Structures are given as structure tokens and as C-alpha cells.
Amino acid sequence: MNLRGGWALIKGTWMSWLQQRSFFFLLAFGWMIPPLIMLFIWYTAASTQAIDGLTQNDFVTYYLLFILVNQLTYSQTNWTVGDAIRNGDMNLILLRPIPPLFYTVASEVAGKVVYMTFVIPVVVVLALIFHPALHPSLYQILAFLLALMFAWLLRFFWGYWLALLAFWATQANALLGIQDALIFLLAGQVAPVALLPGPLGVLAQLLPFRYMISFPIEILLGHLNTSQILTGFAGQIGWLCTTLIIFTGIWRNGVRHYTAVGG
Amino acid sequence: MPEPKITVRNLSKTYRVPEREEGLMASIGSLWRRKYRDVEAVKNISFSIEAGEMVGFLGPNGAGKTTTLKMLAGLLYPTAGEVRVAGFVPWQRKPDYLRRISMVLGNKSQMLWDIPPRDSFRITAEIYRVPRIELNKTLDELFDLLDMQAILAKPVRNLSLGERMKCELVAALLYRPQVLFLDEPTLGLDISMQRRLRQFIAEYNQRTGAAVILTSHYMADVEALCPRVIMIHHGQLLYDGTLHLLANQFAPYKLLRVTINDDSQIDTLPLSGGVALVAHEESSWTLHVPQAEVPAFAAHILNTLPVLDIAIEDPAIETVIDTIYSEGIVGGVQ
Amino acid sequence: MYYIRILALFLRVSVQEEMAYRSNFFISLLQSLLDLSVGVLSIVVLFSQITIIHGWNFATTLALLGTYLMISAIRAIVIGPSFESLVGLDGEIWTGRFDFTLLRPVPVQFLASFRRWRVLPTIDLFLGIGVLVVATTKLTQALTLAHVLTFLIALLAGMFILYAILLVFASCVFWSPGFLFTWVFDGIFQMARYPLGLYPGWARLILTWLIPVGVMTTVPAQALTGDIPFITLAGTVIIAVVLVVGASVLFQTGLRRYASASS
């Protein structure tokens, strides 16, 4: 799916509200398919026996949550910010008295509302088919919500600094490909993080991707005890701070470079 | 008498447009029940065009000119009526028919964007089965007529609009079609380029005897190129004949411009019986006078007023046409 | 002969157009290798937890991945780019340049299917073949000529099925011009990465009889790695022929609609 020209085209040419909606639904549909495929596969794999303690029902619950959390935390900054840099709109945004951050956050929130109006009904239908069971305690729900918020912040700023690389290089897309691959493997999409074999499992614990999607879900499903949750939060917040530092650095240098070179 | 190249009888085209309403509830409602509205784009048009003629279709936007043209080219099916072009029924889209016609669309390009024009020409030539030797000869002629040697090596996206239009014409003519449909070919071009293209089209028609049907809303195109004009408005054929007779038929008046050095006398102008004051600038007055009364009126003015200068002009064709569009059919169709 | 000459010309011009874009060969290679790695690692992770699912093990599933990469590459080399330039964003139907295609004395379906090629995805074709070869070395059953022949027949049938389905999705544009149907197909096509056996029963039915993406890759993989009953092979070929004919009829109907309904 080539989105680069698409985003601008959509905004520029498709005026009808419903037509714009269908474009976003298509995007959400596309993002939903890989975890859905994994749901089916693990569901079939666990049909005769539990895998590493997880039953069919566990996998269903896990992946339905994954679809929701993935969509909630998904960062579209590469398309909005990256595009703006590449086609020169960023110059206009930088001139405005409102910090560009607000524009980005605004479009993030707007996008999420639209995507969720597609994803939530689909997840509800799937839940009716598969009957997932979920019995979290109040404490788990609160911890989940906190972790979810951090996860969103982490993924947002991580995606943001990557998008800002467009200030220097027009061909930053290769990095995107690597990023997508890492999220797929280490954020809990190909399998719940606990199931990842040896080296992959270690990488998952060290890199930030687990904290972007998998960690909140692990809390809600009760897969972690209290000390694991606390260490998890430490890791999440640690990565969040690191990301914010990287982001600020790249932003300052990037703007300087961009305006010096003339956009 | 050779059979006319193009015969059109009672041609009509009505199509259904979905109604789009405002608001959220209406959009959702439209998902399961669509409301349609019938648009009559072309209503019962008939005419015939001989081999080698140059005809202009005139009409405001949305009049049905492009729709008619597309039906002649076989791109659209009519709702009713008959069309024969060079003996073929256009919408059957027989390869033999398609090889004889060509179309240039003013705001759309058939050229491949990233490569030099020559390569697009090669593909077209191959598709239309133009033998190599003949192709080179035709291309050389066209490149010469259009003065294009300089741009042949550049990728099309680097060419200006005028240069691209030259390429469009070459692509359309390299297989020597017998009928050429031009839909707004000079759209967006500067004056000198427009003039060059008109010259080229006229010369091409002379040399090869290909019939040319042109739609344009630049009057200059039609005036310069088309001895015959078909006026279409609201899908109906209003007029079929020469441009000059059109003015005479629909607006039989002339404009008289009089320059007087004594303002006070102007009240004595006999403004009655169709004579009206149209414009007044400093010491110059423009009057609208029915054709029949022009000699008498002019004589009267020259005798009674201190005239410094007098000029008698035909009304601008645009004004004539504007009046026709806004007031509808006046008098009959030829 | 005429059609072959035109095809050769289309190929030549497409290469020229591709060159004009100077899309970095190394970035494409990186992307292809990334896709490959993610695909292989997914299978590694899956089979690290379980040895066999409905008859499919690591080696046979890997073989299927190889088949998928090959078919996906062929889609990216020819049929895909042609249909995209017809019905995609900024495509001929959207911009109105489809009129020129309709004026050509050549069947529109031929132009729509073969007008545009891309040569870079040949990388993916070779990678797919590579994966296939590696997978066959891990098979328990010996590879005979009969296996290879039935594989090739099934692969060819799979390609025809792919063509037919794409043609159907592209034809839908004649009825609903604003919607990007080929993106929907992109999502569904992902399901062909895994054997049908790995999907739950009802999903298997849909992917065999409703939108036969599953048949595209599963049957050839089965032909290569095991012994498929003749009826399955024959059935696949018949489905392929029927689908191509049906899709062509749909396309022609769509063309007629376009010529009656547009202005």
C-alpha cells in the first residue's frame, strides 16, 4: 500500500465525508489483518493442547486485546509529519505561533476516533463469535490504563522522532520497514512475548517495542505478578524518557537544519 | 454526392445521477437507499458532417458538447438515436473504426509521464499498426509543422503545457485518422501557442482532408477554424450554420460608437425604437442600433450633432452568444 | 505476434519508467530481505512451540512461504502494477485518462492487465525460489519429478486464480469509483502466507470457496511436499479457468456500465 501520495490526495481531492471515512476504514482494516491472522493460527495451534499454558480462549482474548491496543497506540506521525516535511508544509507549520506538536496530537486523536469506530464493532463481532473470557481485578484495570497511556506516549514520540528524520533524508523509508518488522516480532504480534524463543525473547525484554503494545495487555490478562509489573513500568518509563530526549534533540537539530537548507 | 462522413439522427443521452444530500443522517441513509435524478445531457440532436469538413461545437459548460463528442467517438452509449461515422456505429468499438478516429482531450494527457515523447509515440504506432517507414515520414512531417525537434528528448513531465499539447497532437495524428475529435484543445495555453495550434489544425485539415470536430469555449478558436458552427445548449441543437449568419439571426443589430465634443447635445439623441445607449466613456457614446435602422440613424447623427468620430461595428460574437445562452432560443434553428 | 510485440513494448517502456524513478535498488533489496526474515521468523516462532498442526510442520509451512513469495512477486511484477495504474489512486479511471485506453483498437482487458510492469520485484521472486529450495531440503519425503510437475501446474493455476480475483476487485471500480478495492484484496491476500490447515474450519471454507486465496498457495505447496489427490489438482485447475472466465465477463459488464453511466 503506497500511502505517501495517498494521504495528500485524500485530503485534497475527496471531499465527501463518507468517502473519507471509507479510506480510513480501509487503513484500519489493513492494520487489523496481521494480528487477526495470528489469532486464527494460534487458535488452531492450541486446538488440541494448551501452548505454554495458554488455551485457545487465552489466545483469542490476547489477540482481540492486541487489535484494540495496537490501534489505540498506533502512530500515524510518519504520514502526517513526514509528509509535511517532504512536501514543504512543515515550513508553514513552523511559522505558526502554536507549537507543531499540537497539530500532530490533534490529527492523531482525530485519526484514532475514526479508526476506532471501525475497529470496535469488528472486535465486538469477533468477541461474539469466539467468546473470550476476561476477568481482571480493579487493580489490574487501573494498572492497564496507566500502562496504556505510557504505551501511547512512547509509541507516539518514538514514531515522531523517526518521522523527523525526514528533515535530513528523503529516503527514510527503509528505517520504517525495519521499525515495522521489529514491532511485528517483538511487540507481541507474531506471538505473545512470553512465547518468543531464546534470543528473540531477550531482545523483546530489552527493546522498547514490548512496552508499546504487549506490556499493558500482559497486565490486564494477569500474566505478570506485582514485581514483574513494577519492573515493567520501570522499563516503560525508562524508554519513554530516553525517547523524549532523542525526540527533543532531533527536533531542535532538525528544525535548524531544515530551515537552514530552505526546507 | 459522396456519403457524409458523419450522420447523427435523433441522438439523446440521459443518465442517472445519484443525489447527494448534506448531513450525517443523509449520508448513512444513502447507503441503503439511493435516490437518483435524471439528467438529460443530450436531447434529440441531428446533423451531418461531410468528409474533410471542420465543424465547431459551441456551447457553455455542461451544454452537452463533450457528451456528444464522446458518443461520436464511441466512448459512451446513447440513450436513443443513431450515429454513423465513416460507415461504422461508434459504440460497437470495432478496431477498424477505432483506427480511423482520434481524440485529443484538452485537460488530460495520453502521454507517458516519465519518458521522452518518442517512446509514447512508438507504443501508439505499434498499437495502430503503423509501418515503420510510414511512421517516420509522418512523424517528420508533424515535427516540422509543429516545430518540435527541441523537445523530443526530454521526459514529458519536464515539458510546458504548450509543448505537451504538441505531443498530444502528434500522438493523435501519427496514424493518420480520418476523423479528429478535439475537446477543448487550447485550454490553458498562452495566446501565441493557441494561434500556432489553430494554424496547424487548419493546415492539417487542408493537407489530409481529415474531418475535424472541435469543441471550445474560446471564441477565437471557433472563429479562426470553423466555417461551420453547431451550437448546443441544454443538450439541444440551437443552431447549425456559419458564425456570421448566427450573429445576423440572433442579434441583428450593430454597435455605433460616436465621439462628440459637446456633451449638452447628447440629450437630443433619438433613443427610441430599439436604439439604446449601451456605454458612455468621457466624450464617447456607444449605441445599440437595429441593423435595418443603421444607415438612417447614422445619417441623422452626422447631420444633427457635432460628431468628431463615428464607428459602426458588429457586436462581439461573445455577447451574441451570451445573449443566446441567457435568453434561450430566439427564432428557429436552420 | 501483434500482441507479443505490444507486450514487449509495454515491458520495455515500463522498465524505462521505472528507471526514471531511480528507486534505490539497495533499499528495495533491504525491504525484500526484511519481508523474508519476518516471514521466516514467524514460522520459526510458531513451530518453536508446537511441532505439527493439521499435518503442517516447519518444513512444509516454509515451502508454502516460498510459494507465497513467488506468487506475490509475480503479482508485483505484472498484473499488480497494471491494475494499480488503472484503478488505484491517481489511476486512469480516477483522472479520466481511461478514455484514451477505451479509444485504442486493442481489447481493454489486455491493456488493463499488461500495460505496466515492474522489474524490481524479481528480487522477491528469486528469494521465494530460494526459500522453496531450502524448505525442500528439510523435507522428510524425497522430491520426485512428479512432485515438481504437479507443483508447477498448481502454481500456474494459482497465478490464474490470482489474476481472476484481482480482475474482480478491479472491476468493482466501475460500480463504485471512489473505493480502493485493491487495498481490500491486499489485506485478504496476506492470508495466503499460511497453509489453509492453520486456519479454523470456517475460515478455511471462506478462503477456498468464497475468495480462493488459500487455494493459490496451499495446493502448490501440498503438491510439492506431499502427495495431493488428483481430484484436488484437477479441481484447482477447473476453479482457475472458471474464475478467469467469470472475472472477464464481470470486467466486460463493468466496461459497458462505464460507457452508459458516465458523461
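All chains are identified by letter, namely A, B and C, in their written order; residue positions are counted from 1 within each chain.
Keep in mind that, in the parts below, a residue touches a chain if its C-beta (ideal position, glycine included) is under 8 Å from a C-beta of that chain, and two chains touch if they have at least 3 such contacts.
Remember, it's a predicted structure, so these values are computed and weren't measured experimentally.
J.: Identify the chain whose mean C-alpha position lies nearest to the mean of all protein C-alpha atoms shown.
T.: C
J.: Among the chains, which has its CA centre at the largest distance from chain B's?
T.: If we average the C-alpha coordinates per chain, A ends up farthest from chain B.
J.: With chain centres defined as C-alpha means, what is the inter-centre distance between chain A and chain B in Å?
T.: Centres of chain A and chain B (C-alpha means) sit 55 Å apart.
J.: Averaging over Cα atoms per chain, report the distance between chain B and chain C in Å.
T.: Computed from C-alpha means, the inter-chain centre distance equals 47 Å.
J.: Taking each chain's centre as the mean of its CA atoms, how far is chain A from chain C in angstrom?
T.: Centre separation, chain A to chain C: 29 Å.
J.: Which residue numbers or ranges of chain A touch two or more of the other chains?
T.: 16
J.: Mind listing the chain C positions that touch chain A in their complex?
T.: 24, 27, 30-31, 34, 37-38, 41-42, 44-46, 48-50, 53-54, 89-90, 178-180, 183-184, 186-188, 190-191, 193-194, 197-200, 203
J.: Quick check on the complex: what are the chain A residues that touch chain C?
T.: Result: residues 1-2, 5-6, 9, 14, 16, 19, 22-23, 26, 29-30, 32-34, 37, 40-41, 43-45, 51-52, 171, 173-174, 177-178, 181, 184-185, 190-191, 195-197, 200 of chain A touch chain C.
J.: Going by the contact rule set out above, which residues of chain B touch chain C in the complex?
T.: Those in contact with chain C are residues 13, 15-16, 39, 41, 66-67, 70, 73-77, 91, 93, 95-96, 98-99, 101-103, 105, 108-110, 112-115, 119-120, 122-123, 126-129, 155.
J.: Report the residues of chain C in contact with chain B in the complex, numbered from low to high.
T.: Residue list for chain C touching chain B: 2, 5-6, 9-10, 13, 16-17, 20-21, 95-97, 99-100, 102-106, 256, 259-263.
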